[in-house]
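Shared between the two complexes below is chain A, which has chain B as its partner in the first and chain C in the second.
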Partner chain A sequence: MQFFGGSEISPSPPAPTASGNNAHMMYVFNRNGVCLLYREWNRPLHTLNAQQDHKLMFGLLFSLKSLTAKMDPTNAGKGNLGVPQLPGQGCSFHSFRTNTYKLSFMESPSGIKIILVTHPRTGDLRESLKYIYNLYVDYVAKNPLYTPGTSIRCELFNTNLDQYVRSIA
Partner chain B sequence: MAAIYSLYIINKSGGLIFYKDYGSAGRMDTNDSLRVASLWHSMHAISQQLSPVAGCSGIELLEADTFDLHCFQSLTGTKFFVVCEPGTQHMEALLKVIYELYTDYVLKNPFYEMEMPIRCELFDINLSLTVQNERVALLGR
Partner chain C sequence: MAPVAPRSGDAIFANVERVNAELFTLTYGAIVRQLLTDLEEVEEVNKQLDQMGYNIGIRLIDEFLAKSNVARCVDFKDTAEVIAKVGFKMFLGVTASVSNWDADGTCCSIVLEDNPLVDFVELPDTCQGLYYCNVLSGVIRGALEMVSMKTEVTWVRDMLRGDDAFELQVKLLKQVPEEYPYKDDE
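Moving on, here comes the complex of A and B:
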């Protein structure tokens, strides 16, 4: 069994369960906006090439975060729109829904952003994202051969992630 | 306690044509509300590009830590969005009612110029009534 260095990031086969695979894709970004991991399970539509797609996704999250920080109706003392904010500072968001997908978002205190795109009818995934973050800590951050800031190529992480995402209802 | 914090209407090019605040802390000034509205317009468009499946028509609900944002886009591209407390129900219905008011009291107003800021007294009156009723209904639920 190969533990480290598996470089294949190809889509995994469809879930064998009858409930079907709800998840479309997942992104992991670090605080500099580098896409550490992109995994795709079920994505019929590609509008852009991979790099542009990652950039657009990071841009969307970044701008939505500054929008929610500015809009926060419970806090009177907000800065200007787009003022730089540390992870955990200001009002953030945890998901948005369109008619075709639901995007769930989590940011760790170190600025790792985990994004999971699923079917629009999926429930609250905040706990699931925390679990995925734990997987990241266990299999990536604790991996001695992993250099922070480079793309994630840990086979154990990928297999565990696939397994877990398939189990999300 | 306010269930609904604010209401925005933006035209098809992202310009703010109506903004009403219903008691959020730190009301936004005119410049900020214009910026936020056009930023929402762009985010709405980008979310359509990132869809994994064809036929996406943009964000309908954004769940932030301290508020929910419900958005309704009419066929002509005018967007109505309401900022409310997390977990407030029946906001889609409210947005449809507001759209109805918009068609009745704004679009049918012969003095209203398309895509320009809304200054129609009847619209204001009926909107306040609707939001008031919504609040009463929310308290009753």
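Moving on, here comes the complex of A and C:
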């Protein structure tokens, strides 16, 4: 049984739980930049408030996508930097790694962006992100009590997500 | 890791959970019947069915993308083929075909020989303007809008009105690319 608050504001970060220590945190955005979900398992350092953090993350990814598509050496198209891309054009980046974390990213053609931040030695998480997208479809998209475009408050989705993330190496 | 190949409509259809076809047909029939009783005007019912389809379509697109693994469609022709061959097969269990492309490649017809929504259905004389399957046009419009395509979907042929097949005309109005949603000064 799921119960919903139904407010429009982005969710504030929940208290870090002991479970899911393999990953640091996860974001889900929709195509309009609304942060649908923010889960935090292991984040010792908070530098910004939640709203700014989400905007920064979304902006970063939007720009990275644009930049990587423009820099693509195999693409014959002549897009200009800053011009929004039509779907289907351009390559899409899927992860970046620093010395302290790795950020993996997946975007569906419908604009749902899933971001998972893990420790730097994690392998390619594209299949995992696809699995998480499937979880989103099953527990969120198909949920009649969920309004598309609002923040996700589905207990079942959160539980299954935590369980899955714990199992990612 | 090698990319996963897109699965054909048949393969996915075999793997998803299915519901009894008669239950589906009768439930849909009950919905239309109730709408006719509540709204009384056939035009209103058509609009409601389209709106219901639209609401279904915006959620359905994610399920479709997750289960079918199709590569991003390069142009509208690709999109129409995917809708007809993979989409209809996956959700309704019927295969549709695409025809009647116009010169620009922005308008086509999707033809359904078989339609599980209309089994056992006959339109009485009082409902002559009704597009019984209008929910399908809403679904296509909603789903395509979530992948940045604004379309207009109308019925050209309808077997309940005496034609020989169901034909939907899908017209691409425009592609809406993603825009940065935040203003720079915020």
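The rule is short, and it goes like this: the second predicted complex is superposed on the first by the 146 of 169 C-alpha atoms of A that agree within 3 Å, B and C clash if a C-alpha of one lies under 4 Å from a C-alpha of the other, contacts with A are read in each partner's own complex, and residues count from 1 in each chain.
Rule of thumb we're sticking to: contacts are C-beta pairs under 8 Å (C-beta built on N, C-alpha and C of every residue); 3 or more make two chains touch, one makes a residue touch a chain.
The structure displayed is predicted, hence computed values, not measured ones.
Considered on the superposed chain A, chain B and chain C are sterically compatible, since they fit side by side. After overlaying the two complexes on the shared chain, residue contacts for A:Leu145 are found with neither chain B nor chain C. Of the two partner chains, chain B is the only one that A:Lys70 touches; chain C does not reach it.
By the document's definition of touching, both partners, chain B and chain C, reach A:Gly59.
Set side by side, chain B and chain C differ in how many residues of chain A they touch, and the one touching more is B.
After superposing the two complexes on chain A, the shortest C-alpha to C-alpha distance between chain B and chain C comes to 11 Å. Judged by the document's definition of touching, chain A residues 59 lie at the interface with chain B and also at the interface with chain C. Residues 31-33, 55, 58-59, 62, 84-88, 108-112, 124, 126-127, 130, 133-134, 136-137, 141-142, 148 of chain A touch chain C in their complex. For chain A in complex with chain B, the touching residues are 24-25, 42-45, 47-48, 53, 56-57, 59-60, 63-64, 66-68, 70-78, 80-81, 91-101, 103, 117. Contact residues on chain B toward chain A in their complex (touch as defined above): 5-6, 24-26, 28, 32, 35-36, 39-40, 42-43, 46-67, 69, 83. Residues of chain C that touch chain A in their complex: 1, 58-59, 61-63, 65-67, 72-75, 146-148, 175, 177-182, 186.
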